[in-house]
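Look for chain A in each of the two complexes below; its partner is chain B in the first and chain C in the second.
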Partner chain A sequence: MKMGSLDYFFYPESIAVVGASSDPSKAGYQVLKNLTSMGYAGKVFPVNPRADELQGLKCYKDISEIPDKLDLLVITVPAKHVLPIVEQAVQRKDIRAIVCVSAGFSETKTDEGKAMEEKLVAFAQQADIRVFGPNCTGVINTAIHLDTTIEPTVEQVKGGISIFSQSGAMAGSILLFMEDQPAALGFNKWAHVGNMCDVNLLDILDYYGTDPTTKVVCIYMEGISDGRGLINTAKKVSKDKVILALKVGRNEMGAKAAFSHTGSLAGKDEVYDAAFRKSGIIRVNDLIDMVDTAKAFSMLPLPTNNKVCILTEAGGPGSMAMDEIGKQNGELRLAHISDEGKKKLKALLPDMALVCEPDGYIDMTAAAMEQQHADALEVVLNEEDVDAVILITVPPTFLPPRNISSELLARKYKTNKPILTCFLAGKWVLEARRMLELASWPTFDTAEQSVRALLRMWQRAKFLNDSEE
Partner chain B sequence: MKMGSLDYFFYPESIAVVGASSDPSKAGYQVLKNLTSMGYAGKVFPVNPRADELQGLKCYKDISEIPDKLDLLVITVPAKHVLPIVEQAVQRKDIRAIVCVSAGFSETKTDEGKAMEEKLVAFAQQADIRVFGPNCTGVINTAIHLDTTIEPTVEQVKGGISIFSQSGAMAGSILLFMEDQPAALGFNKWAHVGNMCDVNLLDILDYYGTDPTTKVVCIYMEGISDGRGLINTAKKVSKDKVILALKVGRNEMGAKAAFSHTGSLAGKDEVYDAAFRKSGIIRVNDLIDMVDTAKAFSMLPLPTNNKVCILTEAGGPGSMAMDEIGKQNGELRLAHISDEGKKKLKALLPDMALVCEPDGYIDMTAAAMEQQHADALEVVLNEEDVDAVILITVPPTFLPPRNISSELLARKYKTNKPILTCFLAGKWVLEARRMLELASWPTFDTAEQSVRALLRMWQRAKFLNDSEE
Partner chain C sequence: MKALLEPAARLLLEQYGIPNVPGVFCTNQSELLQVAGKIGFPIVMKIVSPDIIHKSEVGGVRLNICNEKAMFRAYEEMLETVKQRVPEAKIEGVLLTSYIQKAREVIIGAVEDAQFGQVIMFGLGGIFVETYKDVSFGIAPVTKKEAQYMIESIKAYPILNGARGEMPVNFELLKQIIVNLSTLAYECKVKEVDLNPIFCFDDKVVAGDVRILLND
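Right, the complex of A and B next:
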């Protein structure tokens, strides 16, 4: 690894935890536990002058005593003890990365806190050490089961989504919302950099941009001073990766709260909107929107054009999907189904089915069984004008939801068109949704959410087309 | 009960099921099962010429053989057999209500289907029999454990919300979404009237309006021809009850789908919007919005004014709540916290807490433990300018979510101000949310949803004030 590389944070071969503890209420206990219990294969060295052994590992009085080469240092001791430890780290000469979990620096808005943070950065920079924090929870990298955080409950389900958050609570919430999908939505890397005394949003975005295993980047942000830097970095990254941003401060009220929280000047929201559009960042509206959108992008190919077929088993949610399409000012349009396609659909669907009323909208009715769901889907996927399909169903009593999922999966459709599914019925459809998601068929809670996810995919496809021109 | 009363549907003392069956794939099996297994205490008579006994009950060849008085008839046989049964019902002279589950009438859009439906109504009306359907699933009344539907999975949790849906799938979905809350959200009555050959939306709305146990009415609708009737009925009902409407056909696309589904002419959306506003109907945007809003109204008192205090343990979701308030064009405003209140908050909260930056917004920070949540809530509830509180928390590792709920509930706050809570962290907070909801503290998935629910409550309070003037 080369000097200054964030690889030392995400792929360290050895880690020391200063402030490691046997007291479960201490951060140093949980950090050590996460490093030893999640499957991380590198070397871990607990440091605590008052212990000989911690969680089965030899404990060192001091980092200078550790005989092996160290890549990463995690510091969890109270703020006043941090600077001497950083000085020791500098003296060792091998350490290239520090995660400073300790709080009590610039975020206190005191002169003392700010001064300590300035010294911390100065010490580290002179020795080419990069710093996460202070006041942060660090990194997770599911690829090597690394977890420097103080979270006890993060399931490491692997996936292509990497996360950055300016807020610790939001960083946690994003993961927990992803975990709470019908099938836990996996992730790749996760970073919370707290006060950003050194490593900041742009560094992480740039790093994720070069990470071959990251497909989608999710960002929670409150404000950024280097707008030009954001545009430049995002422009580069968004060529290959999807970038989703949840940014607060949409108006004066939100901006005041964001400033109070992280001291971020939220700035004019329209300026951010324009910067995001220009650099290919997709702005999402809330946590649920972020998870839905990340799910769609991580599981599906992009549509090649904007013509969608709505295939629904129920007229109510079908109409709601149509309302949502209508709301999007023509960005999505209904696909044309050929006469031959219509004939096939009429032949295979129940008599009551409403085929193409209007064109591109098919209400299979509640009499449609699993084979009819699957057959109709096959017909519309083969239609030339169809670029994407939204499949909606509220499985009635006599049609166990699992049966629909099994039948759809058994067909092994050969298609490069995105299929978004919405099974609307709470717990009754949870297992069926889980089956689909485990096979990379994203499912959504409501018909409207599936339409919005598709819209985002189409906007991304357009952005990539426009960039090529 | 008086002639024509819908009480015969919702409170029948005896019911015959024509088409009752031992075959679990038949509607007549499930209807009988729901009537015998959910705790309904009235008399139930299965009718099927090819059985002597069904589910432990004596089975009759024909309704004319049933010796007892009958209130309600549920018909599940194929369409072509329906009219003779209605004729028999007329001849009996005791039956006052028919739920016609059978499909194959006007919804087929065939002349034959339409003609059969017309005859059905004509027969029934001459004998003062009211009809639900055809092509419907009937009624549920949790007060007497009545369930004439074909749904096998409806949990009868009692509550103050009554439901009407023009779509069977949506009728089911609403219930299943309500059931899927942290604590299943109870309901009172539920009606799906299918083709509405006789009993229609207005009849049900009027009936729910006079029902003392109904507090909130939830309606899913696609269109109504009698706009004046809707306004008149809703105006009357909305004085005492909250009416929530989810109406599709917001634009041309949705309107086309709704027309294709139920033949409803959705009409100009602005006309509906105006009619809803005028008559006190609250329009919700989707299923999740409907359930959130119904939950808030069914659990909380209305705010007396529009000043809200945001009490958050995390700056990220706090900022998102503030963004949502800012979006509402000043309809909700931040409350002023008195100097004394600020002093108390600063004394009891962690040093890092941001008290009233800006005024009415309190970031307790992640160091706030359960006592501090509860103490701070007490202080702000006692502030004169505070009309409502939104309490947001993302419980950190060291603060089990249950502890916060226990502490809040233990305080037994004496207040008539609504408190809306948002614990943001998926499964990690589910049990804590459940504890709160069982004690009538509504919880929401996101901060934005809690703000929108409060906004609806304030709009309702204003509507009631304006009506009084």
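Right, the complex of A and C next:
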């Protein structure tokens, strides 16, 4: 590993936890538990002068006693004890990375807190040690089952989504929402860097950008001081990875007193929008939007154009999808179905089915059984003008939802068009959705959510087309 | 911070390929007469003073002056009113420009943002900007493609595109002005710029008024 590389945080071979504890109400207990319970195969050394053994591991009085080489140090002791530990870390000369979980630094906005943080950075920098935090929970890397955090643990399903957050609570919540999908949505790396005294948002974005196993980067952000830096880094990364940002503070700054009209109108949030657009960052509105969108990107090919076919088994949710398409300023359009395609659909669907009223919208009706779902999907996928399909179904009591999933999966459609599926709703369809998602076939809670996810995918496709020109 | 006088600001615009309405700076009545003869009535008269930014609020703008007599009267009244309202203002003279009618008006501006540096804004002029805040933003410098997105993403875009039976305005020229102003803002690291109004026709697009505030 290269000096200064963030690999020391994400791929450490040995870790010491200073402040490790037997008291479950302490961060030092939770960190040790997460480090040892998720399957991390590297060496873990608890450090606590008052214990001989913790969670089955030999405990050390201080880090200078640890005989093995150390890569990463996790510090969980109260703020006032942190600096002497960093000095010891410097003296050891092997530690290259510190996760400082301890709070009570610059975030307190006191002179004392700020001064301690400055010293912490100064000590670390002169010894080429990179620092996460203070006031942070560190990293998760599913590739090596690493978890330095105090977050509730989630099933570590491997995937292409990597997460960065300026809020520990939001970072944890993103994972919990991902786990809460019908099939737990896999992830790759996760980072919360707290006060960002050294490693900051741009460092992580850059790191994820060079990580071959990361396909989608999810960022929760509150703000950034180096806006130009964000644009430059994101521009580079967004060439081959999707960046989703959930940015709060939509109404943070109103008009300011001004010399010009422009000055009074340039709200902060519109400026972020413009910066995101320039750098290929896709902005999402909330947690659910973030997870839906990340799921769609991680499982589906991009649409080549913006023509969508709505294939629905029920009128209501189909209309909801149509309304949502209408809200998007013409960004998505209904696809044209050929006469031949219409003929095929009419022949295979129940008599009362409404085929292409309007064009591109097919209401199969509740009489449609699993074969008809699958046959109709095949027909519309083969239509030239169709770039994406939104498949909606509200399985009635006489059609067990898993029958639909089995039939869809059995067809093994050979297509490069995204299919966004919505089964309404709840426990009745959970198993059916799980079957699909385990086969990388994403499902969504509502038809509107599937439309929004498709819209983001189309925006991404457009961005890539535009950058090629 | 330093506000450029309008004649200097107009020169800077021209250096960046942004056309102004025809206009000349005058310091006395004989210059007025000469300039009016050259650019032709109707004309606009604007006060030029380093101490006055909001000209119309102090009686420093007169529109649609149609003949020599009205021009001289306007000149005297303007100097007097401005002196009354801002006694400490140093008055350099007045700027005479053509009075443009029946154009569709847009505003293009730039501000310096603490995080992102120079940010450029586009919107339809008049009540659209003030009442509806119907504007779009880009991070300077912008490309032509970004400029196009900025133009097309305001709600009032159909008006520029000829919704009321008119010809569409010249979008090529408009895009070029957005690109050029964003380059100016970025290269000169301006604090704020306002081109308001910009007059748009199907064959030309010209800036009617300009304010530029530079960083020290």
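What we mean here is this: the second predicted complex is superposed on the first by the 452 of 469 C-alpha atoms of A that agree within 3 Å, B and C clash if a C-alpha of one lies under 4 Å from a C-alpha of the other, contacts with A are read in each partner's own complex, and residues count from 1 in each chain.
In the analysis below, a contact is a pair of C-beta atoms (placed from the backbone, for glycine too) under 8 Å apart; a residue touches a chain by one contact, two chains touch by 3 or more.
Bear in mind that the values here come from a model prediction, so they are computed numbers and not experimental data.
> With the two complexes superposed on chain A, say which partner A:425 touches: chain B (first), chain C (second), both, or neither.
first
> Go through the superposed model and pick first if A:278 touches only chain B, second if only chain C, both, or neither.
Once the two structures are laid over each other on A, A:278 reaches chain C alone.
> Specify the partner with more touching residues on chain A, choosing between chain B and chain C.
The partner making contact with more of chain A's residues is B.
> Quick check on the superposed pair: does A:270 touch chain B, chain C, both, or neither? Answer first, second, both or neither.
In the superposition, A:270 contacts chain C only.
> Per the contact definition in the header, classify A:223: touching chain B only (first), chain C only (second), both, or neither.
second
> In the superposed arrangement, which partner chain does A:445 touch: chain B (first), chain C (second), both, or neither?
A:445 sits against chain B, while chain C stays out of touch.
> Quick check on the superposed pair: does A:413 touch chain B, chain C, both, or neither? Answer first, second, both or neither.
neither
> Name the contact category of A:361: first (chain B only), second (chain C only), both, or neither.
First partner only, chain B.
> Name the residues of chain A shared by its contacts with chain B and its contacts with chain C.
On chain A, the overlap between the chain B and chain C contacts is residues 258, 260-262.
> Please output the residues of chain A touching chain C within their complex, sorted ascending.
Per the touch definition, chain A meets chain C at residues 223-228, 231, 258-263, 265-266, 268, 270-271, 273-275, 277-278, 466, 469.
> Over in the complex, which chain C residues touch chain A? Could you list them?
Listed in rising order, the residues are 3, 53, 107, 109-111, 113-117, 119, 121, 123, 129-130, 133, 135-139, 142, 145-146, 149, 191-194, 196, 211, 213.
> Quick one: in the complex, what on chain B touches chain A?
25, 30, 107-108, 150-153, 165-170, 172-173, 176-177, 179-180, 220, 222, 248-254, 256-258, 260-262, 286-288, 310, 313-327, 334, 352, 354, 357-358, 361, 363, 366, 394, 396-398, 424-428, 445-446, 448
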